[in-house]
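Chains here go by letter, A, B, C and D, matching the order in which they are written, and residues are numbered from 1 within each.
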Amino acid sequence: MASTPYQHVASRSIVEGSGHSHATQSGIWVGIFAITMSFAAFTSALMVRQGTGDWRHIELPPIIYLNTVALLLSSITLERARSRATHGSRSQLRDALPWLAATLALGLVFIAGQYFVWRQLASAGLYLATTSNSSFFYVFTAMHALHLLGGIAALTYLIARIAPRQAPPRWSLFEGAAIYWHFMSVLWLYLLVVIAMRL
Amino acid sequence: MRAKLGYIVGLAALAACAVIVHAGPSGGTVSGKVTYEGTPAKQKPIDMSKEPSCAKQHATPITTETVVTGPGNALDNVVVYVSAGAPDEGAPSQAAKFEQKGCQYIPHVLAFQVNQTLEIANADQTSHNIHPLPKVNREWNKSQPPGSAPIVDKYDKPEFIPVKCNIHPWMHGNFAVLKNSHYAITEGEGGFSLANLPPGKYTITAWHESYGDQSQDVTISGNEPKTVNFVFKAKPY
Amino acid sequence: MGKFFAVILVVITLASAYPIVTHKFVQPEDISTHGHAIDEQLADTMAEGGFAFVGAQLLLAFFVWKFSSRKDGSKVTHLPGGAKLMVATAFILVGTEVLALGVLGQKAWADVYFTSPKPDALQVQAQAGQFAFYFRYPGADGKFAPLHPDKIDEGNQNYFGLDPANDVEARDDIVTAEMTIPVNREIHLLMHAKDVGHSFYVRELRIQQDFVPGLDLSLHFTATKTGKYEIVCTQLCGLGHYNMKAYLNVLPQDEFEKWLKDRAAEQ
Amino acid sequence: MEEAAVQPAHVHAPPEGFISKYIFSLDHKMIGKQYYGLALVSVFMGMVLSWLMRFHLVWPDVKVPALGALAPTGAPGGLITPEYYLSLLTMHGTLMVFFVLTNAPFAGFGNYFLPIQIGAEDMAFPRFNMMSFWTTFVGFLVLVLAFFIPDGPPTSGWTAYAPLSAVGKDAGPGLGWGQNLWAISIAIFCVGQLLGSLNFISTTLDLRAKGMTLMRMPICTWAWFITSCIGLLAFAVLLPACLLLLLDRMAGTSFFIPSGLVVSDRLQNHAGGSPLLWQHLFWFFGHPEVYIAILPAVGIVSHVLVTSMRKPLLSAKVLIYSMMSIGFLSWMVWGHHMFVSGMNPFSSLLFSFPTLTITIPATIITLIWLGSLYGANIQITSASLFALGFVSMFVSGGVSGFFLAQPSIDIYLHATYFVVGHFHMVMGVAAIFGILSGTYFWFPKMSGRMMNETLGKLHFWITFVGTYCIFMPFHYLGLVGNVRRYASFVDDFMAPLMPVHKFISIAAFITGAAQLIFLYNLIHSRFRGKVAPENPWNATSLEWSIPSPPPWNNFGGRHPVVFHDPYQYGVKGSKGDFVMQDSPEQITNG
């Protein structure tokens, strides 16, 4: 039990600079983990539910693929923004601004696109409660859209903070938002596969 | 035995209200008989073994009451009422009484008027649960522990409402919520009589929980008696 | 104060063990062919669990008695063997015990669930609904008629939703509120839920199985002793849950047949 | 460098004004107290509900006019209806499991002491932290609202099994809007807990003081950390489950409702849903939830015990690893709640083995406690008494779990009072003992005043004996086959057991009343208690190195450096038989 003084006093939180930027990072990852978990739950629900019959496949409106493209593009533009503002100094962030705006726009395009997808399904007579497949489709897409709105809010906040006569946002926030946004794209790809294959 | 008694009590109550309500100028009387043709469904004995406190009240098990018949193909528990021609009436002051006794509804069919007070009492040693299933009126579902006060309620729209007890699935009854006081429920011989109808053209309707309803028009000019008979088609199943 | 705690704990421990040791509270007599396995399993577990319970509590009491508010305060000593000893004990003692019981236990479970009913087993269908059980016997034709939920009419005793007007098979099906079975004959119970989840629990039969709506399960068992037993619902099913029960009558073969005939006459 | 590092680290300014100090506070200490307060309110509500249940069970025909006035539909003329009994049961379970057992030991004490014990000035995300509490609070309000709606509180139990919970009002009173409110409340609660867990994890990983390596964290910090990891997964699964339930109820979907159900003579318009799906999702959360309730208590109790023993545990490491393995195993055992639910019988076997295996780490923890008591010098205080009581409860409750883990025995004991006795002992009362032990131990730090020891000990004796009197007989009833969740035992196999039920009820009333002593002690000591020194228990962890109560930024701008493992007791130190974690002095074993 005896320990000599000053024995491993090194702890990353102090030595490697601010614990809080780390915290933001790990916070994002932990959050991503939780979101993954709940979508895993939705998926397992789908698996169980599939076993119980009345499984009628639904025709996916092609717009959904355009939306996918838009979302993937947004990830690319976001990367461009990140490479512009590598260390988050005021001027670098200003250079990144147009790319950030583009990302935000593409995100909004995606949401709008999803809305049209819902409209099309509805006009085809497929509502939330029509079949178990439609139920799952609306649940998956709506939950994803909901989470993406979070990302959109974060981007809007960043852009507002980068705008003139403002203290620039902490770089860790920028990175956090970026990680989350990319996760949203990955999550969507996963959902699209599930939807296309299972529903 | 008790069941019979219950009927008489119930009907006495009804007769009572009838009398009081019609303390007015006398008019014509429409009377008649409700019968069935064909073989009615067999009424099965009810096994209450899951509720000993009720089972021991019935020396011989009571039977279902979805089709109760009398001598000469008489059909009982038919509500005969004036469905058109008579003005709507305000509710009488007396309460219509519905009792749960020996895990049975007494009476099986209870007729009362719109906005008339309805009193539901529990005479048993066990909790009952009263769950009327209206379509147009407000629905409620309440339990009534033994020894608790009667549940008091009223309905503001005319409707035939099936009543069930969730705790004792075999307990089923009916509320007939009517617009006016010109009604009768057939009993024993299947006869009915609607008295004191002022001159006018009326539609007389007979309603039965299993066989639906039938209507006939009748015109009354003075205070002469008219006869209207109803015949329902009975189904074996 | 520490000594007081020790005393109280010893009293509690012995008081708790007393009703078990003296068999004040035991499960009702087993009337099934598979039940003894469950009872033995329960007895073994009670013995080992009881030992662990009493042992741990008394040890706790003893240590608190001996090592609380000592005069020679500051001088603390350590248990020879330390954590290693504890971990070893846990793994060896508990580990083996656990696995042993685990493995043994599966036999009893297997008796109930991994064997299929003999072809000559008597088929009875049980339907659970808020808040009563109803039972159906196939009748003369030996066939259960199909169920039509939309035909259910409880006021008319049509609890299962039979359609005698159109299905001839339905006309001789026998529906009862009590479950009557012949003694020493295997019963194949077909379970159907009408509305929500329920459960079929007969203590004396050592049988408990949920009714799952939309999923018709089946059970099989043999009652070895005539008598009247309680069938109760153990899955919360709504306001009448406490009142959801039926009786199980185990009769000699001949009396059972007579009973079935009488019921058939009533239908 | 260090300044630069920690200046932004202090994420909020000292609170000014009542609102920012006491209501929408960003200070983890105030938020911790808020959680604790919410739990305190909930626990007394839950206790009163259980009183009403126990009263109704043994005196079903005695009228309680006051209750009749409070709940005219639920208890007409003061007689509790069967459905209202189920409402009481459901609300009791929900309040206790979610708003007490999850809030107090984890969110409450965790919020207050985790940052201090790792030498941080606050949580990583104070705003999330505040949101987390207020979300939970809204969840609480929504749940309690169910008492005041015409439909009445939900009646489907805290497990809300579908389809009973999904088909709506046809299934009975309380299953209309009452059940909606339940599902909404739990969904909101999940969000709150997710925010909280996220905060705990990031804080523990990144805001530890210089020298505070993971293995130097006190055991309760570890417990909170492990718990937050479990919580993150568990609530992330319960949330979707609640959403799907709400969709089935409000949007007419059929996730949990199969076709052809006739409820109250009405054919339900749903198709193909799976009732077992709800059970799987619920118990996948539900079993880990048990450990969310018990692990923080294990941590707190170890922390208190080791301080009162004046000697280190045999091995804190082993204890921590055991907690981890319990947390890990908790993900493979949910099916043991479903042995008789119609799940494939083979999977029952698969689920029973990891369940039985949990006995091993649990036993290790117990033996570590017992073994550490050997040769100790136990200081008997209210705190240590409750800690010792916890050990006893933990054993009693654990042993009965050993029965239920075996499918074959569960066939007989499932859904009997044996189960009720089991989880009340191991998850309910044991966790409560942990909370109480923590309260007596940390109250001086939190309030700056000592609690009254005499009252505290009185409280302990009544509670300890009382809980055994209540929950041991539950097991006996279960062995006889007394089914749980029954509103009454008239005309019944179980009626002869009524004397036992009477005994339990009376014990419950007395034990419950004894909690008022605690409440009085708490409030009275808060204002009149004698002023507490910085380190009243001669303890070693960081929370005892700062004033009582701590300043708004915990260490007053100082950045503690940690030199030792958390529990340096039974040594020759400058202050006595212990050396504090942040004291640079050499340790020479006594």
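Definition applied: a contact is a pair of C-beta atoms (placed from the backbone, for glycine too) under 8 Å apart; a residue touches a chain by one contact, two chains touch by 3 or more.
A quick note: this is a predicted structure, and the numbers were derived from the prediction, not measured.
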#### Entry: Selected pair, greater C-beta contact count between B-D and B-C
B-C
### Task
Point out which chain occupies the most central position, where each centre is the mean of Cα atoms.
D
## Note on the structure
Taking each chain's mean CA coordinate, chain B and chain C are separated, in whole Å, by 45
### Message
Taking the mean of the C-alpha atoms as each chain's centre, how many Å separate chain B from chain D?
### Response
55
### Query
Hey, how far is the Cα centre of chain A from the one of chain B, in Å?
64
## Note on the structure
Whole-angstrom distance, CA centroid of chain A to CA centroid of chain C, is 48
### Query
Residues of chain D touching 2+ other chains?
81-83, 172-173, 258-259, 264-265, 272-274, 276, 488
### Task
Enumerate the residues of chain C that touch no fewer than two other chains.
129-130, 154, 214, 238-240, 243, 245
### Message
At least two partner chains per residue is the criterion; list those residues in chain A.
### Response
52
### Task
Identify every two-chain combination in which the chains touch.
A-D, B-C, B-D, C-D
### Query
What does chain A use to touch chain D in their complex?
1-15, 17-20, 22-24, 26-27, 30-31, 33-35, 37-38, 40-42, 44-45, 48-49, 51-54, 128-129, 132, 135, 139, 143, 170
### Message
Could you list, by residue number, the parts of chain B that touch chain D in their complex?
### Response
51-53, 125-127, 129, 131, 133, 139, 141-149, 151, 162, 164, 166-167
### Message
Please output the residues of chain B touching chain C within their complex, sorted ascending.
### Response
41-42, 44-51, 64-66, 126-127, 129, 143, 162, 164, 166-170, 172, 209-210, 235-237
### Message
Quick check: in the complex, which residue numbers of chain D touch chain B?
### Response
60-61, 73, 76-77, 79-83, 169, 172-173, 264-266, 488, 490-491
#### Entry: Of all residues in chain D, those that touch chain C in their complex
81-83, 85-86, 155-157, 159, 161-164, 167, 171-173, 175, 257-265, 267, 272-276, 309-311, 314-315, 317-318, 340-342, 345, 348-349, 352-353, 356-357, 359-361, 363-364, 366-368, 370-380, 385, 388, 391-392, 395-396, 399-400, 402-403, 406-409, 411-412, 414-416, 457, 461, 464-465, 468, 472, 476-477, 479-481, 483-489, 492-493, 569-570, 577, 590
